[in-house]
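Supplied in structure tokens, the structure appears directly below.
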Amino acid sequence: MIVEIIINHIPYLLDGLWVAIQLLVCLLAIGFVFGLLLALAEVYGHWTLRASGMAFERVFRGIPELVLILMCFYGVGNWYPIEPFPAAVLALGLRSTAYQSQIFRGVIQAVPKGQIAAARAIGMSGVQAVRYVVLPQALRQVPGPWSNEFSSELKATSLAYVIGVVELTRQGRYIISSTQGNILIVFAVVALMYFVVNWLGNRVLYRAERALEIPGLERRESD
Amino acid sequence: MSDFIAFATEHLPTILSALPITLGMWVLAIVIGAGLGLLLATGRLYGGRITYALATTYVEVFRGTPMLVQMFFIYFGLPEIGIVLDPFTAAVIAIGLNSAAYQAEYFRGAVRSIPQGQMVAARAIGMTRLQALRNVLLPQALRRVIPQWSNEAILELKYTSIAYAIGVSEMTSKAEQIGYKTFHFFEVFLLVAIVYVVLTGIVAQLLHVLERRTSIPGVNR
Amino acid sequence: MLLDVKDIHKKYGEIEVLKGVSLTLARGETKVIMGPSGTGKSTLLRCINRLSPPTSGEVFLDGELICDANINEMRQKVAFVFQDFNLFLHLSALDNVAMGPMRLKGMKRAEARELAMQELERVGMQTHAASYPAQLSGGQQQRVSIARALAMKPEVILFDEPTSALDPELTGEVVTVMQKLASDGITMLVVSHEIGFARRAADAIIFMEGGHVIEEGPPEQIIGAPRQDRTREFLNVIAEEGQIS
């Protein structure tokens, strides 16, 4: 009986999961691009850039995701009609920018100073040195710390529920109201879906981390 | 800008009136999380096969699924098997159980980072394993865990806002109510965001002081 | 003169490390700079290719002033070998050497690698072309870094204590390579205490102390009959430390 209900509703849950994954991919992409730019500005830019970057990180890491989502939804909505999905992408993308810039800053600063000196010494400009020497080394170190970020953002997508994005958690609620019950089992299946995606994502990142290792270099501790 | 300041002065007291609820949830959840987390960590470090498996499963499940789903499961789901909880209690339990999974990992990592010789030395003067754990390993591990634990505490403080989704009248809910009254949703959520930034800032500072007070002279973390 | 260094001063805050150093290097010449540590030898090299720009003074390469405006071009002509090698950690030995020609001289990858292979052969590292820096010994890394410098076809190579980060048993292979380069007619300015290398390969030894050049002369004169007491004392200290090879 319960099994039947679940099986019948799996397609809805998968729809919801697909929305959650789209949300996740968009917000991680935003966080990646802007996080990297912010980190570069902080490391190589004028001290005012560093200071404002740090302030940005601090503020956005201090605001609860849920409040940020509500704020972006209503905030942008004041000036421009915005759908829940892009509002959630914006909110979580900003948050992810704050976290990812911290990750990028860490790996960029971990590249030994002599590497830049050597690149400059053969005649590279600063930009060339960063592009051909620093980033290829720094980005290899990203998958480790990035798996934490991946997990926490995947879980944060569920909060888009509160502004009406029909993602996995909301699909679960819909099924519960339409079948008048089965709450435990539906949420258990929903939780299982998050769990599996999280597990798969972390496996992929672990593989990537291994594949990107530089031969002979001791693997740095990743947490 | 001056509009916002006027708005903030008018509504800040209402939002702050829910501060005790927010802080109450937070403190209770941390306590539950620390107690259960310590048990889980001990289970993973020193337990038999079954204890280890159970503790590990617990940690993986709670770390691998969203807090919101866990909260819904507890608040909406448990009544199906006769356990009815009020929103506040459900939120405290959810955040506490979730936090236990993370705290367990921090404790475990800290205990494992203590040199083997410490346990050997404790056993050598005649302590049992449990005595060694209690008198020698834990006092060192707990100090080491403080930096990570501080991060976790701040995360949990932010997590309390999720209790909004099951109707706990904490700060975010209060803000929403003001929003419905004034239709200044953005301003009110901005205001509550500022409150959280200040609050997490204060907590971070306090924990930083705790970290320095408890450090062992001459031992680097 | 190929390289003409004129009255270089370098101050770090209040402390003046270089107090007016001048030297010249003709094409094909090898000169070795010696002197007690903290005397500004490495700083001088870094001032020449502006890794740390001098406070005042000028450096000319083939009559052209090296300045901020042309520095990236000039550094392609004034190669630098570091004390601690600084090989690009994420690249194989071959790609370390090919990097410059490919990215800075616009060579095709295949062409750059072919050139890189030739330079690795020159330093005896061709069999390690596929190895990564972390898989190589210090001496091997330093030889690759010399090949990296050679691949830019520089006018002159500056060596900043190329053997001092190496275990004693590994200095020999690097010194041998450097001697070969000197006899091949590569123009080299070398900061080093390898007296054996200086005796066999240098056209002149420059003795520096306290931010000044104390004396300069052919190796046999400087080593055999230094004019300045300070030079003699310094050479005695080095001899006692058993660094004569």
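As written, the chains take the letters A, B and C, and residue 1 is the first residue of each chain.
Throughout what follows, contacts are C-beta pairs under 8 Å (C-beta built on N, C-alpha and C of every residue); 3 or more make two chains touch, one makes a residue touch a chain.
Bear in mind that the values here come from a model prediction, so they are computed numbers and not experimental data.
**Q** Quick one: which chains contact subunit A and subunit C both?
**A** Shared contacts of subunit A and subunit C: no chain.
**Q** What is the chain whose Cα centroid lies farthest from the Cα centroid of subunit A?
**A** If we average the C-alpha coordinates per chain, C ends up farthest from subunit A.
**Q** When all chain pairs are ranked by how many C-beta pairs they have in contact, which pair ranks first?
**A** Looking at every pair of chains, the most contacts join A-B.
**Q** Calculate how many whole Å lie between the centre of subunit A and the centre of subunit C, each centre taken as the average of the chain's C-alpha atoms.
**A** So the centroids are 46 Å from each other.
**Q** Just the number, please: Cα centre separation of subunit A and subunit B in whole Å.
**A** That gives a centre separation of 21 Å.
**Q** So the centre of each chain is just the mean of its C-alpha atoms; given that, what is the distance between subunit B and subunit C in Å?
**A** Using C-alpha averages as centres, the distance is 57 Å.
**Q** What parts of subunit B, by residue number, touch at least two of the other chains?
**A** Residues of subunit B touching two or more partner chains: there are none.
**Q** Touching at least two other chains at once: which residues of subunit A meet that condition?
**A** There are none in subunit A.
**Q** In the complex of these two chains, what residues of subunit B are touching subunit A?
**A** For this pair, the touching residues of subunit B are 60-61, 63-70, 72-73, 76-81, 158-162, 164-165, 172, 175-176, 179, 185-186, 189-190, 192-193, 196-197, 200-201.
**Q** Which stretch or stretches of subunit A touch subunit B in the complex?
**A** Residues of subunit A touching subunit B: 58-59, 61-68, 70-71, 74-75, 77-78, 151, 154-159, 161-162, 169, 172-173, 176, 181, 183-184, 187-188, 190-191, 194-195, 198-199.
**Q** Which part of subunit A faces subunit C closely enough to touch in the complex?
**A** Subunit A reaches subunit C through residues 112, 114-115, 117-125, 128, 132-133, 136-137, 140, 214-218.
**Q** Which residues of subunit C touch subunit A in the complex?
**A** Subunit C reaches subunit A through residues 49, 51, 72-76, 79-80, 82, 84, 86-90, 99-100, 103-104, 131-136, 145, 148-149, 152.
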